[in-house]
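Some structures are shown below for you to check.
After this come two complexes, each holding chain A, first together with chain B and then together with chain C.
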Partner chain A sequence: MSEFIDNQCCVETPEGIDFVQSAAGPVPRILAYLIDLGWRLLVYLVLSIATAFIGGLGTGFLLIVTFLLEWFYPVYFEVYRQGQTPGKRVMQLCVVNTDFTPITFAPSLIRNLLRWADFLPLFYLAGLLSMVLSDRFQRLGDLAAGTLVIYRDQALRQARMVDEPIQPLAPAVPLTRDERQGIALLMQRADQVSESRQVELANWLEPITGDRGEAGLRKLKRIGYWLLGAK
Partner chain B sequence: MNLTELQLKARVRTSWQALDLGVKIARRWYLSLMLAWLIPALVVYLLLVAGMYAYGMWSVSPLPLSLSVLWEVSPLWLLLIIWWLKPLLDRLPLFLLSHYIFNDKARGWLHWRALLRLYRFDALLSLSVRRFDIQRSLHLPVTVLERQKGGARKRRCELLRRGCGPAGGWLTWVMMSLEGALSLGLAILLLSLLGIDFYIQPTFLMKGSDIALLYLEILPDILFMALIAPFYIACGFSLYLNRRIELEAWDLELVFRESARRREPQSTIKPLLSAALSLLMLCLVTPLSIAPAQAQEPTLTREQLDARDQVRTILETPPFVIEKNVSHWQWQDEPDQVDSEDSSFLDSLNNLMDEDSGDLSSLFSVVELLLWIGMGLLVVLVLRKLVSHLKAAPVLSKPNARGSVNSPQVMMGMAISAESLPEQIDARIDEAFERGDERQAMSLMYRHVLFLLIHQHRVPVEPWYTELECADAVKQRSQLPLDGCWDELTQYWVQLAYAHQSPPRARVQYLYLALKKVLAP
Partner chain C sequence: MRERDFESQHAPLWHRFEQQVAGGDARKAVLDEQFPQLYRQLCHHLAMARQRDYSEALVNRLNRLVMAGHHQLYRREQRLGLEMVARALAQFVITLRHARVYLICAVLLFLLPALVVGSATYFDHSVAYSLMSPAQVADIESMYDPDNRRIGPERDAETDLVMFGYYIKHNIGIAFRAFAGGIFLGIGSVWVLLFNGVFLGAVAGYLTQAGFSETFYPFVIGHGAFELTAIVISGAAGMMVGYALINPGRFRRVEALRLAAAKAVRLMYGAMFMLLVAAFLEAFWSSSTQLPVVLKLSVGAGFWLLVLWFCFFSSIGQRRESY
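After this line comes the complex of A and B, so read on.
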């Protein structure tokens, strides 16, 4: 069977620890870019109105600001704002090196100077093609600079409070890591999944609970409560 | 739908991440999805062109007029019709994708009757009321795969939409913009590569003579739609799947199924079966020595399984699992574990530390004592250095340390050490003068003063200095108030020693006394 399709990428440290992050794809990145573009256009609009009365000097000033903003706007935010331009902050993205270390000045400069290679022939088509073809959604600039756009860590899912009094129960048989996680997740997602579906799921774990149907689910929840720390 | 064959990594993702996953899904089966969109679109295109042509033929018989009908119907209308049919054209790729994603290789459903049913289902509403549904790609699977209509469909869509946020709408907007960007961008690329002035306007506005060209011009636009469509469909489908994974806990089902499969050997049927089988084999082939080994194999593995579970059970119980709450940071004892193997000293130290904490504290107190002693020694050394420095301080022109400490005992062939000088030196001098031995008297005076200068006032001299060099050295020590007495005495001594000229006794004695008063008060 071929490999599973997944959007996560993983870096393993020499100590054998896996760091897992989700690489961000074209759609959120396009939206983040448009937000940044909007901010820049707003600045240009305000400046062009303000400098319209000064004449030639104002035009020169406007051109310099345009140059600086077009080239170094992303560099500034990526280096000094934890890899997040305002648009990326809205979309909860950030730029990191491919080993997930914070981005520094040199890679940021490279990936933003190569922005214009990505822009060709128009509207970032080269960048989009590169993003679709590369495994971790890297555009040409990212590939050259060794950087990656990932999602900032989301807030952890809050453990669901247990409404009805449940007596915690130690599992009768030893559980593997996956099973523990699965049972704990079922506890936390109980408000999302319908009751009948939960019973269906609990039936699979009959070897653990020793019961079927409603009774099995109740028992599974008691075990889940125990796994979540209640003793 | 066979969940165990799901080609995705089942996990609850955010809706944006589901869109990213959709891009990857589209990438894997891109060609077939694209063709599944493009071929029906081309069929529609050909049907429309043929239909228009036939209409022209039938309505008015002369050929030139029929051509004029074609001119009046601009190709843009054709493009609009195909664009309008998108909700139907998207159905086949989605249907294919739903099979791909569950690794369903069967192609029995692929005949024209099934295709017709696929396209015809709820088609009218799709093309009219719901054509401008901004979350179309998310709702499409409900129609195509779940085959729901009316109220049921509405409720279902609402349920799916609830957890997706604005992602579905933004997806449609972005893909629509990309279609435009693609056609414009590729046109610019083409023009820049051709490098010629190319006017698009005349062929569209003027009634060109070449009809075929007119209708061929919309083909690239159809192609661009087909290029983008797989991404749009796959992203919407991914969003839909993500929501279903969340609502129906597919990821958990996969885990639980795997768990059930793993625990299956413990259920009642399998062991019985294997036991019966082994018994049967034992009966059948007892003479063969190989038989028992073969027969025991299944039971052995079962025992191993049991043993593994027992071990796990034991490892779960308190001596091995000690749970405690730690609410503050604390140092790990990592280095102990790392170094203990290759260092015997650290080993013994660890043992010492591990045995009990009393030893540990005594060790610490010993170390503390050593540290304090070292500290005290350091302070004493510093103080001594400071004192010696203060002692030497009045000597402004810092004397050569070697010269002052190891002052020469013999100068110009004369012993000038303290031992070499007689006890009552003044009496001996007077005695020598009385006797008429001026040389003896002068030598005593000169040596005594030199002794005082060199050994008590630490005038820096070297053993090879002559009398005049000694006088110079003394003159360097300007803080000694000698008033030239020493120079004069030296002069008298030199005249006596080398020229045998007698010094005036009174003057010499006066000089000697004056010098003694200054140097040895």
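After this line comes the complex of A and C, so read on.
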């Protein structure tokens, strides 16, 4: 896959491993923002109805709450809820430092104070431009704070190994890395891909299986089992 | 070793790890003293799984576990206590004294236009009309009219608390913008400083000329000590960020920006604290008409001395290690 469109970013940890996360692009982040906006508007609405009955005292209170929500709502959630505002939680995003460590108070404050600059001139245009131009989808606030918005990996479905009585088969020719990965993936997704599509895919691998159609797929599955370590 | 064998051999360890990190939820995690060893083992497994081209699902699962462990291991203490506030103020003072050049620039950018426009308006009050709309001028005039029972912005049926809320929302917003505008090569910060300097100068010049000095100056002197200083400091913080982009030195621009922002935000800790004090004073102290003018002026002068002493001469932070 071309590295120009890849959204994966990689960090080497002190333990000496590269570990990989995918950065979240503008669309899920805008959706997360809209969800947060909805929550905030709901709070304003409820509070303004409630405070309408108390008069001046209520107005002062409302002003303070709007100020706090406008500037510090994301800071609170990012620092105390593991980088996730309610909107980000729904979209399964989370804010981390560029080295994937949990975000702390200072970076969170920076990225949220700079939110105003990102908003300029209208509707987060500056932020959007910066997101599209930077290689890890960082808005201006993220660049200054050294933070990233990544997808929080959800548990991928563990390979559901269909324990059909399939005899594993060693491939006749040495396989490349991509081929091995491709075959293993097909094994794991066998129950999500239609039979005819599987046959179609298996036909591409005729040089390996030496068979076409149903027979080719069956052979491919046997190779797959062998690759995954069935005995 | 094939994937299945690898999986069945290490599954107990992974399971134990998974239970300790509680699915990545930092609040529910219960770690024992073997956690670091487990984590290192897991990192090792992830590296092996990648190198041996095990299936994506397995690599993904390990990657997810490592991420959760990474977050646990490199978590910092986040509890907000008195200790943290004291530390933030100490950081503020230390950074402020290192940022002298930015501060001087910010003061000049704010004070010079204020003085120039102020004296211009004083000698020719029509200057005020070229900077503000007539309605705005009339509004300001009525606010500080000595005949008013209560000075400051209109407050017919409203209470001090409303104004407290208003000052918090409005004035702290200005300071935050002065900081955030710095990312546009500092231009935003310069603009906010100049604009507010000009505005303050025009208002002060106009009101002095109109003979309202005995209501205007006692009103502004008290909270001004905190508010004006905080706005200037925020502007200096913004310019610090902007300058890092203009002249990144030996760093990449993005890196220089990050380093400068990390420093500048410490200035914002102090600015936020001062703005909070300012809003409180402006709502509950400055606007009071019961107190004699002399008292308000002398207390105001005291506030200025206090702020300047705290920022430039206090020994806070000296005994701490340098940040």
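Just so it is clear, the second predicted complex is superposed on the first by the 182 of 231 C-alpha atoms of A that agree within 3 Å, B and C clash if a C-alpha of one lies under 4 Å from a C-alpha of the other, contacts with A are read in each partner's own complex, and residues count from 1 in each chain.
Heads up, the rule we're going with is that a residue touches a chain if its C-beta (ideal position, glycine included) is under 8 Å from a C-beta of that chain, and two chains touch if they have at least 3 such contacts.
Just so it is clear, the model here is predicted, and its values are computed rather than measured.
Once the two complexes are overlaid on the shared chain, A:Q181 sits against chain B and chain C alike.
Applying the stated contact rule after C-alpha superposition, one finds that A:I49 touches neither chain B nor chain C. Once chain A of one complex is fitted onto chain A of the other, the partner contacts of A:Q82 are limited to chain C, with no touch recorded for chain B. Once chain A of one complex is fitted onto chain A of the other, the partner contacts of A:L140 are limited to chain C, with no touch recorded for chain B. In the overlay built on the shared chain, the residue A:I17 is in contact with chain C alone; chain B does not reach it. Residue overlap on chain A between its contacts with chain B in one complex and with chain C in the other: 181, 185. Within the complex, the chain A residues that touch chain B are 1-2, 4-8, 22-28, 30-31, 91, 121-125, 128, 132-133, 137, 151, 154, 173-174, 176, 178-179, 181-182, 185-186, 189, 192-194, 197-198, 201, 204-208, 231.
Those residues of chain C lying in contact with chain A across their complex are 1-6, 24-26, 39-40, 43-44, 46-47, 50, 53-58, 60-61, 63-64, 66-67, 70-71, 74-76, 78, 157-166, 168-169, 172-173, 176-177, 179-181, 183-184, 188, 241, 254, 257-258, 261-262, 265-266, 268. Put simply, chain B touches chain A in their complex at residues 7-9, 11-14, 16-17, 19-21, 23-25, 27-28, 103, 167, 170-171, 174, 178, 181-182, 184-186, 188-189, 192, 231, 235, 246-249, 251-253, 255-260, 262-263, 266-267, 309, 312-313, 315-316, 323. Per the touch definition, chain A reaches chain C in the complex via residues 13, 15-21, 55-57, 59-64, 66-67, 71, 79-80, 82, 100-102, 104-107, 109-110, 113-117, 140, 143-146, 152-153, 155-159, 177, 180-181, 184-185, 187-188, 227-230.
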